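What follows is a set of notes on a single structure, which appears directly below.
Letters A, B, C and D mark the chains as written, and numbering starts fresh at 1 in each.
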Amino acid sequence: MLASPVEPAIPVDAPANLFAQVRNRTCVLAAPLSAEDAMVQSMADASPAKWHLAHTTWFLERFVLAPRPGHVPFAPQWDRLLNSYYHSAGPMHARPQRGHLSRPSLDEVLAYRHAVDACVQARLDAGDLDDTARRNLLLALQHEQQHQELLLTDIKHAFWCNPLRPAYREDLPVPAPAEAPPLQWIGVEETLAWIGAPAWPGADGFAYDNESPRHRVVVPAHALASRPVSNAEYRAFVEDGGYRQPLLWLSDGWATVQAEGWTRPLYWDEDLEHAHTLGGHRRLDPAAPVCHLAHYEADAYARWAGARLPTESEWEHAAQGVAGAGNFADDGVLEPVAAPAGAAGAPVQLFGDVWEWTSSAYGAYPGYRPWTGGIGEYNGKFMVGQWVLRGGSCATARGHARASYRNFFPPAARWQFAGVRLARDC
Amino acid sequence: MLASPVEPAIPVDAPANLFAQVRNRTCVLAAPLSAEDAMVQSMADASPAKWHLAHTTWFLERFVLAPRPGHVPFAPQWDRLLNSYYHSAGPMHARPQRGHLSRPSLDEVLAYRHAVDACVQARLDAGDLDDTARRNLLLALQHEQQHQELLLTDIKHAFWCNPLRPAYREDLPVPAPAEAPPLQWIGVEETLAWIGAPAWPGADGFAYDNESPRHRVVVPAHALASRPVSNAEYRAFVEDGGYRQPLLWLSDGWATVQAEGWTRPLYWDEDLEHAHTLGGHRRLDPAAPVCHLAHYEADAYARWAGARLPTESEWEHAAQGVAGAGNFADDGVLEPVAAPAGAAGAPVQLFGDVWEWTSSAYGAYPGYRPWTGGIGEYNGKFMVGQWVLRGGSCATARGHARASYRNFFPPAARWQFAGVRLARDC
Amino acid sequence: MLASPVEPAIPVDAPANLFAQVRNRTCVLAAPLSAEDAMVQSMADASPAKWHLAHTTWFLERFVLAPRPGHVPFAPQWDRLLNSYYHSAGPMHARPQRGHLSRPSLDEVLAYRHAVDACVQARLDAGDLDDTARRNLLLALQHEQQHQELLLTDIKHAFWCNPLRPAYREDLPVPAPAEAPPLQWIGVEETLAWIGAPAWPGADGFAYDNESPRHRVVVPAHALASRPVSNAEYRAFVEDGGYRQPLLWLSDGWATVQAEGWTRPLYWDEDLEHAHTLGGHRRLDPAAPVCHLAHYEADAYARWAGARLPTESEWEHAAQGVAGAGNFADDGVLEPVAAPAGAAGAPVQLFGDVWEWTSSAYGAYPGYRPWTGGIGEYNGKFMVGQWVLRGGSCATARGHARASYRNFFPPAARWQFAGVRLARDC
Amino acid sequence: MLASPVEPAIPVDAPANLFAQVRNRTCVLAAPLSAEDAMVQSMADASPAKWHLAHTTWFLERFVLAPRPGHVPFAPQWDRLLNSYYHSAGPMHARPQRGHLSRPSLDEVLAYRHAVDACVQARLDAGDLDDTARRNLLLALQHEQQHQELLLTDIKHAFWCNPLRPAYREDLPVPAPAEAPPLQWIGVEETLAWIGAPAWPGADGFAYDNESPRHRVVVPAHALASRPVSNAEYRAFVEDGGYRQPLLWLSDGWATVQAEGWTRPLYWDEDLEHAHTLGGHRRLDPAAPVCHLAHYEADAYARWAGARLPTESEWEHAAQGVAGAGNFADDGVLEPVAAPAGAAGAPVQLFGDVWEWTSSAYGAYPGYRPWTGGIGEYNGKFMVGQWVLRGGSCATARGHARASYRNFFPPAARWQFAGVRLARDC
């Protein structure tokens, strides 16, 4: 094999440092929600906030505490309810019925969180976690960050389904009007590039198993857009009849447009000037990246624009070495904002604001090995029918984003903060 | 027309006497539920308890207060959410999505109830309700009683869908073991009978429009069972392979058995000895009437037993003049109990315990007139595809039952307290 | 029981006289169809013409020949394919997949017909059919007549689904323009009437088991329209926005209108002036009875017109003693024609032209007994979820119609020649 | 860009030589079918044989003849029926309803074929086809070959859906029993490989647009199985409970197994020893490649075997330079046969017998350009949700297979002759 210049690119804190911070953050995110709000499951793809709070705790208990000698399960009767999709961990409640669970109550779930957290903290303080437990603890925190983002996207959808259109938080800041810098094309020569992350654990930095192994790919000559597509640009596509022209769409995309009656992005008003946000009903910022697109819509827009979606290799190659600056959940805006001006020839907004759909189907890297044990079900079994998104969004925890990170969703999914950056051949 | 011996058979209290009592009873029924419990909609046919609390209040405001001069609506933004099916009252939220509504909160709904109740009471006290308003108030209270029963059947289903199988109330009494009296056949000669209730308002007693006009029917010679079928008797049908024998079933019933995988009544355990109840998981009482049957199941059982379902005319003819004794919601048992011994040749348990499926499709009586105004949508538009049940159940308010009362549900519905009394030709 | 003045009202030919005539008629009806035409199943409710040809033969063999000693089945491997819904006769091919059966071929099916017919004829000639066989032979011929009508309605639908819109027969006559007589209301006093037919066999005239026993009913005072609703009258309903006004519809009907996008009768063009017929695409005759309505549409029209549908008792009471004149399949028109002028106070067009939807759910008459043996599945198991139609249509064999005949279809079915005659209370 | 060593690897005949041969071959394949057989559409994914015959002719007329000056369309009223999915060519009949089309008849379709063929031949003879027409003619013949294979797989499915289980041809040879050579692992070093075909037209050899451009990829170090998995090997997986073990399956695959009740390959009998074939019901050849697998099944088998599916790059790299020997439709066997012994270290059966599922989602090669004009809809719009198969099958025309050929189907599709060759990392 050709030599791989492994450099531990992604330094991480040890679990102990992150633990209280990450676990507490979930509760902070859920704090604006009443027990009733935390019950809503507005579609099968989404989950109630209460379930996110409980499932992440179950995951922590199951994979960190349960293997420890002498651990007495806190709530074994909840196993079936809180198991998401781990066949090796026993039976599971049907996903579309998570919203029917009034019990356990939110209070009981929060008490469960506190009990498990106290137990983990005590073991951390006592140095009573072996290598596997510490590995799984770090994994559990990454897992928790994923559910933090889902909690936000799921409640955004839930409130949109209520004709009263409540705001998640009335006090979210409204970004000041800004101009987006002109879209520039950044040329890239054909090259052999290293993609992916060294297998963790082993490497210094955390990475999911699906990001490994680090491997070489041919990145073809191409040009990448300097920033994501803006609301104003996408609106021109809508006004040009983009949703009525089958030749712009993938075949499955067009079938979905017709079956679902899509005429504009999810959450946009019919006037194409306002939208539902976590901060309530608002005027769309024309300069901000367009958001809540399906892969199908991102792809159709690109075709209309005479461009295409980037591959995940192209994206990652561009993102390597770029500082992970951007608008993340930590910034408390929870909506994408207009791209900043960047250096000439350098892409901006790769990280944060909106996940960027790629043209790459989610699949195994060459030499991919799922983790061993129950967590082997974490990623690998979804490697069919999903498409890769890159970069993180305004609802992602900043520490969760990295150049090699592979998010994935089915091509019809719209409720994530997903936008589009163009690429083209040259 | 032949002369009709109208006698106002059903004396009623004036609305003022009933008002506080009925409205308060709904809150009492909802009291054991947390805000989360009151959110659950476990299937499209059911509604959340919170919605029942709110919709009944909306009905009261809409049809009693809103027509009064000067009335300022309490919460017009909720109209869409709380309108069940009244096209004349504006648009309505899709029924299967009532469980997605975290807002208004339970507290807001209870405050709404108190505000509307205070307003109605003030008008009652001031004598400020005209005939139509008083008519609609009485109707609203009957409507409220229907939703009280639905609140109970819906929460029973909701808790059954939660693998934790919570009890609605842990403190419900468990009836003492009893024997059911032997099933006897009570012969009835062919006769011309009066059926139905005089049109209300006009007559003294309240009746829904679908119970009128009073009219003559030919009741054929037949025999009616002295009591409903018991759990023990139905269990013999199950054990005899009743659910595997297509010749016992109506064609649509057999299709449903196969599509839904029915093998026993809803809520029964696989051992045929235990069941889910509002009081939690319990041993089945062999002597109590079998319950939670679909029309299809009631019909198949009857065929297996060499009998048939009674028509609604046969049932009503038998029930006329029978005292409305029986096990009702007011008794606080909330499960059917074994039939009492009755007088020789007299049926027992016609009222209360379990609704009794008839072979009669729900349709208009000759000369039927829907009420005028918005309440004209109350009953008439459901006169296709539904089958009549008679008598009331252990979840019905005692004052709500009467000989002429026509309850109706689709033939596949199982979540009501519905059982079966046999009839046969002779 | 009150004495029943049984009079054998419906004289029938002996089976021998009818046999060749009825069996041959089916082949005549199928003659305009190619083997490919005879394969089409354009929806699950319909069957291919080839299947009708084969199934009726299977029915004949199964219930007439098979019980005879020494009978060797002609094609036992086809049993599964040709059994429609007789669980007592073994397994059956899924109904929606009848159109997938290229084998047996049309030629094989016709050969099967000839073989079975020859065998029956030989036994008839030899006097070698016992009472049961002769009973079942007569039943098989009635059964065949039902399938003759279905063959026509199914091929009409099949050709409508083909964008080429072929005609079943190019040579069908186009009725001369005519005026419909003015619609008059015929008053009927309240009366105790005899309804139904004496149980067959036993009585002289054939009747299905569902027409018996003859029994008394109270027919209320009412008025019946002198003729069915015409195309011109129904068109006024459409033009008045009938399909956009929920208050005119039964709840299930309105749900169907919205789900299916109904805006006019099946087969009508958007211009409301032309329609698809068995004779090809034609101008609608304004004076002819409107046709191809669902029960829901008939009911909505009646409500719009300030009237209602008649009950089946009202209809049968009016039809008793009326000569069965009318436009039947035997007349070779295969479309409804304008009503003739009638005597004052006498209804016209009760028989033939269009089946008339009633408000009566299809159910058992008091004392109903299904036939014994396999043919007991013929009618009784459909006594839920279907509505009764009366009178016969332009696609019905004349000899098949009678005053007591009960046709039945689900309330959303539109592909039969079904129209509407109004009634109203008085 | 790095220099591309383009070698026209795939010599093709000029269109004129192929024309009569390919067009005639379709008729030969359809010859064993009656007009009724040629009507059957047993599932939405399949099409009737008659439709294949007609659509390929429409394609030829549309893209070769129609653009020629003075061409008068043969049957413009069929355009809607015969257009498969070309939005630029006008509206199209719903795919699942192709089986409802008795008209045009098979005879009319064959006459249409002859008329169009004569017209094309005349223009070929007259040298009256410009470059675009000749390009489209060659494309139309490739297109026809694809439909030849679909005609076989669709009729195989159609006959399997008929309980009579007819054979497509009773006279197909049954291969003599043979042993499959032991499965060997052929190691491949990591390498930079050229993949794909030069863009056609331009290059000498025909290739679809989706095979181009030729480009470099990193092929990782791996081992490839010397032959496809055999029936005997797959049967061991079934007998080991493979269809009951969720951990072996992709998540979507397991959901499909449960929803569809899969327990073995399509067409296998429950005894795992017999199967439905185009030659009728037969004993499975244990040595022949397993066939009619979904991608999900191929993937699950590979996981059970401790291996994985190859990528399409790995497969193509192995196939380059290998003679295209194998069992093709031209050989008239129409079932896979046991692999021949091969040279040590050389894979066998890469071509013919069974398509081999890869782990590669079907997507655009870097620099992909869809063809211009209407044929641009041919391939590109399906580049989502489909997985790549390689190599051709026993139902493929020999001249249609090549190393760069990319077949694609959804991962749940089973009715193609699709099998599995293992790969593994090393």
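Here is the rule we use: a residue touches a chain if its C-beta (ideal position, glycine included) is under 8 Å from a C-beta of that chain, and two chains touch if they have at least 3 such contacts.
Bear in mind that the values here come from a model prediction, so they are computed numbers and not experimental data.
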Fill in: Least step count from subunit B to subunit D, where 1 means the two chains touch
2
Worksheet item: What is the chain whose Cα centroid lies farthest from the Cα centroid of subunit A?
Response: C
Item to complete: Please work out the Cα centroid separation of subunit A and subunit B, and write it as a whole number of Å.
Response: 48
Worksheet entry | Averaged-CA centre spacing for the pair subunit C and subunit A, given as whole angstrom | 59
Response to the item:
When centres are defined as mean Cα positions, the distance from subunit A to subunit D in whole Å is 37
Worksheet entry | Residue numbers of subunit D (touch at least two other chains) | none
Discussion item. If I apply the definition of touch given earlier, which pairs of chains qualify?
Written reply: A-B, A-D, B-C, C-D
Item to complete: Spell out the part of subunit D that touches subunit C in their complex, as residue ranges.
Response: 34-42, 77-78, 80-81, 93, 97, 99-106, 158, 161-164, 166
Worksheet, complete the sentence: Counting only contacts in the complex, subunit D reaches subunit A at residues 1-2, 85, 87-88, 190, 192, 215-218, 220-222, 246-247, 249-254, 295-296, 299, 308, 311, 359-361, 363-364, 366-367, 377, 381-385, 387, 411, 425
